[in-house]
Amino acid sequence: MLHTINKSPFEKNSLETCLRLAKPGSDILLIEDGVYSAIKGSSVEPKLREATKEHTVYALGPDLKARGIEENRLIDGIKVVGYDGFVDLAADNDRVQSWL
Amino acid sequence: MAKEVKKFMYVNRRAPYGTIYALEGLEVVLIGAAFDQDVSMAFVDDGVFQLKKGQDTGDSNMKNFSPTYHALGDYDVNKLYVDRESLEQRGMTQDDLLELTYEDEDDDYQEKPSIRLVDREELTELMEQQDVILNF
Amino acid sequence: MKFGILVNEGPYQHQASDTALNFTKAALQKGHEIERVFFYHDGVNNGTRLTTPPQDDRNIVKQWTELAKEHDLDLVVCVAAAQRRGIVDPDEAKRHGKNADNIAEGFRISGLGQLVEMGIKSDRVMVFGD
Amino acid sequence: MKFGILVNEGPYQHQASDTALNFTKAALQKGHEIERVFFYHDGVNNGTRLTTPPQDDRNIVKQWTELAKEHDLDLVVCVAAAQRRGIVDPDEAKRHGKNADNIAEGFRISGLGQLVEMGIKSDRVMVFGD
Amino acid sequence: MAKEVKKFMYVNRRAPYGTIYALEGLEVVLIGAAFDQDVSMAFVDDGVFQLKKGQDTGDSNMKNFSPTYHALGDYDVNKLYVDRESLEQRGMTQDDLLELTYEDEDDDYQEKPSIRLVDREELTELMEQQDVILNF
Amino acid sequence: MLHTINKSPFEKNSLETCLRLAKPGSDILLIEDGVYSAIKGSSVEPKLREATKEHTVYALGPDLKARGIEENRLIDGIKVVGYDGFVDLAADNDRVQSWL
């Protein structure tokens, strides 16, 4: 299953609930304000780092770029994809869940 | 109307782009500058992301309004308070923020920084001094 | 005392419009004045006359219109926000080459300066949003 | 593969419409099909032709209209949600006694069943909202 | 179209009244029931507040749509999964929730409860079995 | 100063930031989904209980009632007001801040 998260982890509980309910081995894609989860050195980093052990975590490149987050600021193990990669993730997984 | 000077604080708590509040909030500040009030902006929680350097919407569908913050100085909006705890919680430092400046009329037009990091106690006091607080 | 009311969300999607209406009514009932109600962001969507909510639900736009009529309220829709969302009066329609308008009775479209002016003239500004 | 796209927020206020547009374009470019784009909740506000966004900003409604024309997309606005928000086509205007309509080119108003049908007919449903 | 049966899950994560998602989400479920699909609802996070007993909008401006949940059983929507952790975090127990029931056709039309509290592991598995997940 | 909070404390960080920045002695009014902060026995109760020591905390009655929260479920010390009480609080305080 592909899980998308579009909310900042500092503002809303979407990341937390997604991580609680996503099956190990799922793909997780951070989009929109969700990409703020990917920043190294934030209070959310430990949670995200743990998540990268159980899941493959992606972040949407155009949304990182819009927000001025350079790739060298990302937590290790997070993969950056474009909209075409987003489409591939949605197609390759059997189902998609949007954590709003 | 023109004679009364009120203290306006615009409190920004949202990230840019995910929602429009940051952009339309900034439009209020710029329009408001014409009214010769005492204006300040506070950046708290995800609002600190509004001031992040290097924003580039070239690959998304949106308008990059980040350059507009540089215009604030010219509009005499030069009190931008950034909540230090919010910044640190997000893994950022002042180096991550836009370098916003203004020319100080009262000090030989020297260029001075508009952004100031504040602790929670100072921010609390600043809020208590306001007449009007608009939250975006 | 003079209250200024800022409404930042459209009707129904968020409770902001309902709370603003209830607050405004209560303030008037207590003898306070309402300097202005300013609709910003998606709040401009409170000002369309084209809604037809279900018969067993409240009609928020109509409540604003009736309240404005009864108490001579100044309901102002921000022009810039309205242009983004498609709220237009006959003048705006002409200016932008639109063949229809949708502004509701009792609302007027004006500039953002009216919000700042509301802040200056009001004793308290209340923000209702998401 | 067939994608169904659900858009739950209006243009500009949230990024949902932009992300949905970008995803839809990318899916089409990769040779996928778009079964339907369904606009629900405030998402129905994507379907008004009365917007005039600033000239230096994108025109989201127009982008939908052009994408629909180019790829023969089925853009469906939920009738119940549209009635609450004031999105009407000529038929709806007549039915509810409105003297104007505001539906944009390329959009049609229909029932919620079209959303469920989209779920049945699509291989994947993508939800874009707040 | 009528022959294919898909598993639809409606995931509700928002409180009622503050936003319209709960009400309009419920409208989708009721319309969807006519399509003879395999339908379930999950209540997670603030979504559990949707099922709170005793809602009364008499003093506010809104429509009380709480009674509508009682209609779900008649529409053969009888799999309502409530995330136990979300409920407990909010200081509530099953006693706080509406008593929703349905008549089981396959068991002599006995009245049975529609709501079932589930642990996180079970909810995860249920989500993995779906064809379509709609989040409100 | 009157602080209003209209967000659920389980979903968003508005309560937390308000409590961090509100000056001791301020009035805090919970409205809309913010009234969920007032429920006894929730994970938020310790935070709220602490807040009632430094501030006067109110909850909007019509919003509690709409959500089915009876007064005996409220954390001790929280005062219930109607819209007229909301207006009084706004008038009696020198300024108002909405934590959205």
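Labels A, B, C, D, E and F are assigned to the chains in the order they are written; within every chain, residues are numbered from 1.
Here is the rule we use: contacts are C-beta pairs under 8 Å (C-beta built on N, C-alpha and C of every residue); 3 or more make two chains touch, one makes a residue touch a chain.
Remember, it's a predicted structure, so these values are computed and weren't measured experimentally.
Enquirer: Moving only between chains that touch, what is the shortest number of steps from subunit D to subunit E?
Expert: The fewest touching-chain steps linking subunit D to subunit E number 1.
Enquirer: Let me spell it out: compute each chain's centre from its C-alpha atoms, then which one is farthest from subunit A's centre?
Expert: Chain C.
Enquirer: Looking at C-alpha means, what's the farthest chain from subunit F?
Expert: Relative to subunit F, the chain with the farthest C-alpha centre is D.
Enquirer: Between A-B and B-D, which chain pair shares more contacting C-beta pairs?
Expert: A-B
Enquirer: Are the interface residues of subunit C and subunit D largely the same numbers on each copy, more than half shared, or largely different?
Expert: same
Enquirer: Could you put a whole-Å number on the gap between the CA centroids of subunit C and subunit E?
Expert: 34
Enquirer: For subunit C and subunit D, let me know how many angstrom lie between their CA-based centres, rounded off.
Expert: Chain centres of subunit C and subunit D, defined by C-alpha means, are spaced 25 Å apart.
Enquirer: Measuring from the mean C-alpha position of subunit E to the mean C-alpha position of subunit F, what distance in angstrom results?
Expert: 28
Enquirer: Of all the residues in subunit E, which ones touch at least 2 other chains?
Expert: If we look for residues of subunit E contacting two or more partner chains, we find 17-20, 45, 60, 62, 131-133, 135.
Enquirer: For subunit A, write out the residues touching at least two other chains, lowest number first.
Expert: 6, 10-11, 13, 32-33, 62, 82, 95-96, 98, 100 - these are the residues of subunit A that touch more than one other chain.
Enquirer: Mark out which residues of subunit C touch at least two other chains, giving numbers and ranges.
Expert: 8, 12-13, 15, 22, 41, 54, 57, 80, 125, 127, 129-130
Enquirer: Write out all the pairs of touching chains, ordered by chain label.
Expert: Those chain pairs satisfying the definition are A-B, A-D, A-E, A-F, B-C, B-D, B-F, C-D, C-E, C-F, D-E, E-F.
Enquirer: In the complex, go through subunit E and note every residue touching subunit A.
Expert: 11, 13, 44-45, 85, 120, 123-125, 127-128, 130-133, 135
Enquirer: Mind pulling up the subunit B residues that touch subunit D in the complex?
Expert: 17-20, 60-63
Enquirer: Spell out the residues on subunit F that touch subunit C in their complex, using ranges where they run on.
Expert: Against subunit C, subunit F makes touches at 6, 31-33, 62, 82-84, 86-88, 90-91, 95-96, 98, 100.
Enquirer: Can you name the residues of subunit D that touch subunit E in the complex?
Expert: 6, 8, 40-41, 80-81, 111-113, 115-117, 119-122, 125, 127, 129
Enquirer: Going by the contact rule at the top, pick out the subunit E residues touching subunit D in the complex.
Expert: 1, 4, 6, 8, 20-21, 24, 27-28, 31-32, 34-35, 37, 131-136
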